[in-house]
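Labels A, B and C are assigned to the chains in the order they are written; within every chain, residues are numbered from 1.
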Amino acid sequence: MSILDIIMNILAIGVPFSVALLLAALGEMFNQRAGVFNLGCEGIMSMGAFLAFLPPFFLKTGALAPWANLLGFAGAAAAGAVLGLLFALVTVSFRAPQGIAGIGLQMLGWGAAGTLFRHYVGGVTGIGGVPPLPIPFLSQIPFFGPVLFNHNIVAYLAFLAVPASWYVLFKTPWGLKVRAAGTHPRAADTMGIKVTRVRYQALALGGAMAGLAGAYLSLCQAKMFADDIVAGRGSIAVALVYFGRWHPAWILSGALLFSLAQALQLSIQVLGIKFPYEFAVMLPYALVIAVLAFSRRSRLRGPAELGKPYDRETRI
Amino acid sequence: MPSTKRIESLRLEGITKRFPGVLACDDISLEVGAGEVLALVGENGAGKTTLMNILMGLYQPDYGRIVINGEEARFRGPSDAFAAGIGMVHQHFMLVPNMTVTENVALGLKELHHPFHLDLASARRRIAEVSERHQLAVNPEAYVWQLSVGEQQRVELVKTLCFGARFLILDEPTSALTPQETDELIERLKRMTAELSVIFISHKLGEVKALCDRVTILRQGRVAFNGRTQDHTSGDLAALMTGHEVNLPRNACVEACGEQRLKVSALMVRGDRGNLALNGLDLELRSGEILGIAGVSGNGQRELADALAGLRKVESGSIGLCGEEIANRRPRAIIDAGMGYIPEDRHTEGIVPSFSIKENLVLKDFASQRFSTASFLRLERIDENAEELRERFDIRASSTATSAGSLSGGNIQKVILARELARGPKVLVAVYPTRGLDMGAEEFIHAQLLERRAEGVAILLISEELEELMNLSDRIAVIYKGRISKVLEAPEATRRRLGMLMAGLADE
Amino acid sequence: MNKGFNALYGTIVIAASALAAIAMAAVILIAVGADALGTFRVILTDPLKDTFGLTEILVRAVPLILIALGIAVAFRSGILNIGAEGQMQAGIIAATAAALYLPGLPKAVLLPLVLAAGALGGGIWAWIAGALKARLGVNEILSTVMLNYIAAQFYTFFLRGPMIDPNELQTGSGTPQSPRLPKEAWLDRLIPGTRLHTGLIIAIVLAVLVFLFLWRTTSGFRMRAAGAEEKAARYAGIDVEKYIIAAMVVSGAFAGLAGAVELTGVHRRAIEGITSGYGFSGIVVALFGGLHPAGIVPAAVFFGLLILGADMTQRSMGVPANMVLVLQGAVILAIVSAQMFLGNPYARDRLARRLRLPRRPGPKTLEDAAAEGGLKQ
């Protein structure tokens, strides 16, 4: 294998790996832009991954079988939105501290997915999953074809979500409200913006996207479900939002960085380089810490009121 | 588009609003007619801002109603108030710092909110119209965080007028302005009364008399007085405002100055945005002297105070405390060298709110030999100390075990003052020590500062209230763009002269 | 507002949040087709039926107490230590190493050394997150979560590699576990025939010491001040960074010690899954115990009961034991919500007004007010 092949291989594995991170991090970006830090992302992804796995697991044949994957994604998104709203109830309406509440949601999501999985499925079972959809002609281009144009439909859509998120955040009235709610909620309130409603909406959207990210893991990436399928990707997604300074383009680059680290890690094992595999598995997590340590955060452009509940009647 | 009907009359009837432990508004009624400017006057905590937030629909009153042009109006939120033609410029500007001026205006203009498109072009057009008509120049593409305080206030006015306000509420609009900017604002408002009615909230009676026809005075949530401004002197109004004659103590200005205590030279310090907020600042403070620092906020006051307390890195220059160099020393070392400090934000910098009063009273000394042995706290001594200071500084609390955060602003400031003064500092830095306090507490704090001065403490007083500076200081230094532009002896420091210097104009 | 109302308000909030937590768990139970009420009954009562159950509750309470004490120290100092799971594993590695590689020492020397090694391992692991937060402003929640994943890999690396039991290699079964520790490194059993060990006494003594440390010493004062209002602490001359690191190290040391106690008291060799989620349950216990040692000890016993009960339902009711995670997550959400209601005078006031104040009849007009002398014209 030539060096170029190895690089192409790493990229071709790494690019689809970034999809789940990307979807979850874009969702988390909306949460944080609206002022809410949702560490429950990990738990929501677990639930999403499990629920999405159910339709293709049960509907192997029958009239609905062709729609099973789509049903899975829809169910994961809906459940994610519901869990996002639960988190909104706790942190926005009840004004609970967001860090600990996020841990609570994380445990709830893990536990629920694990319990339901044991009961309905029992053990590790594979599913067909979403097939790749090579784009005609483009996928034939040497090097770029396998890297960029030989993935499943969800991956393409996820990459389109980057400019779409940018447009929503910076060019639509709702994005304007979200940014105002996270930076200066009191100002937004005096201008007639319903801060609570905006935060609920952002958390529902963020939750739905985390649900989809989980669904991607079970339907497109692993093509199965396991308790630890998410393996910290939810928390990494949260870290990516800091790293990406709450901007979709930077978040995309962060997601690619991590998934390439993961692909590299896999290649190291596949190539049989003598290296304890535990250290390879650590790599992405250690990278998160390094990136958090060396990325300078500018609150000037980010959501200044991140993590602080808003109460109109509490006087300043 | 909101209706453009003129507001002929606006009445508040029997407005009552209760917060936990406080009756913020108790049966308040008032009325404003077309083209009228009503002054709403009262001490901090008298209920002015709460009342106006009710008028804007931000708070719901427990009882009472709002009547516009003879019809009852129900405001469930600010949008309803905008629709009725009411707009408010809040004391703390309600602008989102990381958005542009145009985006800030567009945020409140619901008719520009199309599902997938934000009509910024129309917002820009609206801003241009308004700023031309009222001669309020603003740069629509600037980010709010880039603007000065004066510019932000203009943006607030433009924003409010863009929302179609024909009835303007201004909450303490002059608190951050120089005397000249204040005069300008008052002239501008006078011109605007051709089209608008105004409620002008202030506790500066000079401004009230210059601008307003009528005045309503609130005291402890109730209407204490309602009448024409020209029939009463400022002194009368002040007495009505506080409920009693207030004689704020003044510095008698006998030369009492002793040896040099604090010497700052060529100090360079960076602000939060990385700019040089202090750019070669020099000052000198002697024992038994109060040196006032006057200036528009944002000219380096915060950075100066932080650098003196060791909380901000000094890039270059020196700070001498009784001859000892303290620049870039740790806060602990500076405290031990004899620096007392009354910080700007008393709730988060001055006290630990969830700690009890007695714990807060030893916040700097709990590890001293007096309050601990072999790293174990001596609780009985901490209790004794608290009782003693509570008595001496008249801290009103049911017990010294209650959490300090539950106290009123004035009592919190007394806790801080007690802690700092009981330590016997050589130099005391007081940053906006009376901001937001009622006159009684202000009187107490002023008296304490003057007493310490007489005992020989060197006091650096940073304030935005010219009155306070002129009453208390032996000398007043004007800070402008990170330097002391001029130091005036108290007798030669007039409002006009200070105002010119604060605005960066040459001294005549 | 009177005391009676405040008490009533507190009771309502606590009851409502308890019901909410139970309801969240019941949704999952119903989803797996279980008899929700019966399951709760089994969880809460089955473990109490015999000595085995009672001692096993306490066996689970020991690591929970230790971990929760450490987490309380961190939380009180303003840092959310989510990394107890990883710190515990780091402690187990260090303690195992000490026990295996310091042979021939008498028990009075070796056992304390092993426990100290555990505390040291956990402390060092936590120091990473503390230093990153204090020096570089890295969010400690995220860094500790990542350190958990890294620690888990280190742990398996040591059990599969350097520390694997030579017997496993000989027989070729390759189960990742360490050799059995020498007897000199064992904590004694309190009641013969059960697994209850002297770690319980260590845990209770440490609970008292943590109380004294936080509320009676100058270092405790500094940590609490730094946690309650960082800015004020800074202005008062407290080196906040130093105490963030110190609190994190103490917190990690407790988790590491919990690992060492679990190792030397229960399993007596390092095995996979030894931490069994105690690091996360410890967070719940710390919160449930009000971040105070006097609350943490009973809270740990209660969660020991829940964890054991959930294991038992798996056998008797067929409800997966993961159920206890659902319950713990729901409890966290309920506690943090309830705390905000209890601590927020505005919420209490709103309810008071809704319940008690009658509406005053029609508003007064300006004229009425003037006639009453409310306005001086």
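In this section, a contact is a pair of C-beta atoms (placed from the backbone, for glycine too) under 8 Å apart; a residue touches a chain by one contact, two chains touch by 3 or more.
These numbers come from a predicted model, not from an experiment.
J.: Please indicate which chain is farthest from chain A, where distance is taken between mean Cα coordinates of the chains.
T.: The chain farthest from chain A, judged by C-alpha centres, is B.
J.: Ranking chain pairs by how many C-beta pairs touch, which one is first?
T.: A-C
J.: Quick one: chain A and chain B, Cα centre-to-centre, how many Å?
T.: The separation of the two C-alpha centroids amounts to 44 Å.
J.: Between chain A and chain C, what's the gap in Å when you average each chain's C-alpha atoms?
T.: Roughly 28 Å, centre to centre.
J.: Where does chain C touch two or more other chains at once, residue-wise?
T.: 346
J.: Pull out every residue in chain A that's touching 2 or more other chains.
T.: In chain A, 313 touch at least two other chains.
J.: Scan chain B for residues touching two or more other chains and write them down.
T.: Where chain B meets two or more other chains at a single residue, that happens at 19.
J.: So in the complex, the part of chain A that touches chain C is made up of which residues?
T.: Counting only chain A, the residues touching chain C are 39, 43, 86, 90, 94-97, 99-112, 114-116, 118-120, 227, 231-232, 235-236, 238-239, 242, 276, 278-279, 281-282, 285-286, 288-289, 292-294, 297, 309, 311, 313-314.
J.: Taking the complex as given, what residues does chain C use to touch chain A?
T.: Against chain A, the touching part of chain C is residues 24, 28, 31-33, 80, 82, 132, 136-139, 141-143, 145-147, 149-150, 153-154, 156-157, 160-161, 280, 283-284, 287, 319-320, 322-333, 336-337, 339-341, 344, 346.
J.: Okay, in this complex, where on chain B does chain A touch?
T.: 19, 50, 56, 58-59, 77-79, 82, 88, 90, 92-99, 103-104, 106-108, 110, 112-118, 145, 163, 273
J.: Would you mind writing out the residues of chain B in touch with chain C in their complex?
T.: 11, 13-14, 16, 18-21, 27, 29-31, 62-65, 222-223, 225-227, 309, 311, 330-332, 334-336, 341, 343, 345, 348-355, 359, 363-364, 366-367, 372, 375-377, 379
J.: In their complex, what parts of chain A are in touch with chain B?
T.: Chain A residues touching chain B: 171-173, 175-177, 179-180, 183-184, 186-194, 300-302, 304, 312-313, 315-316.
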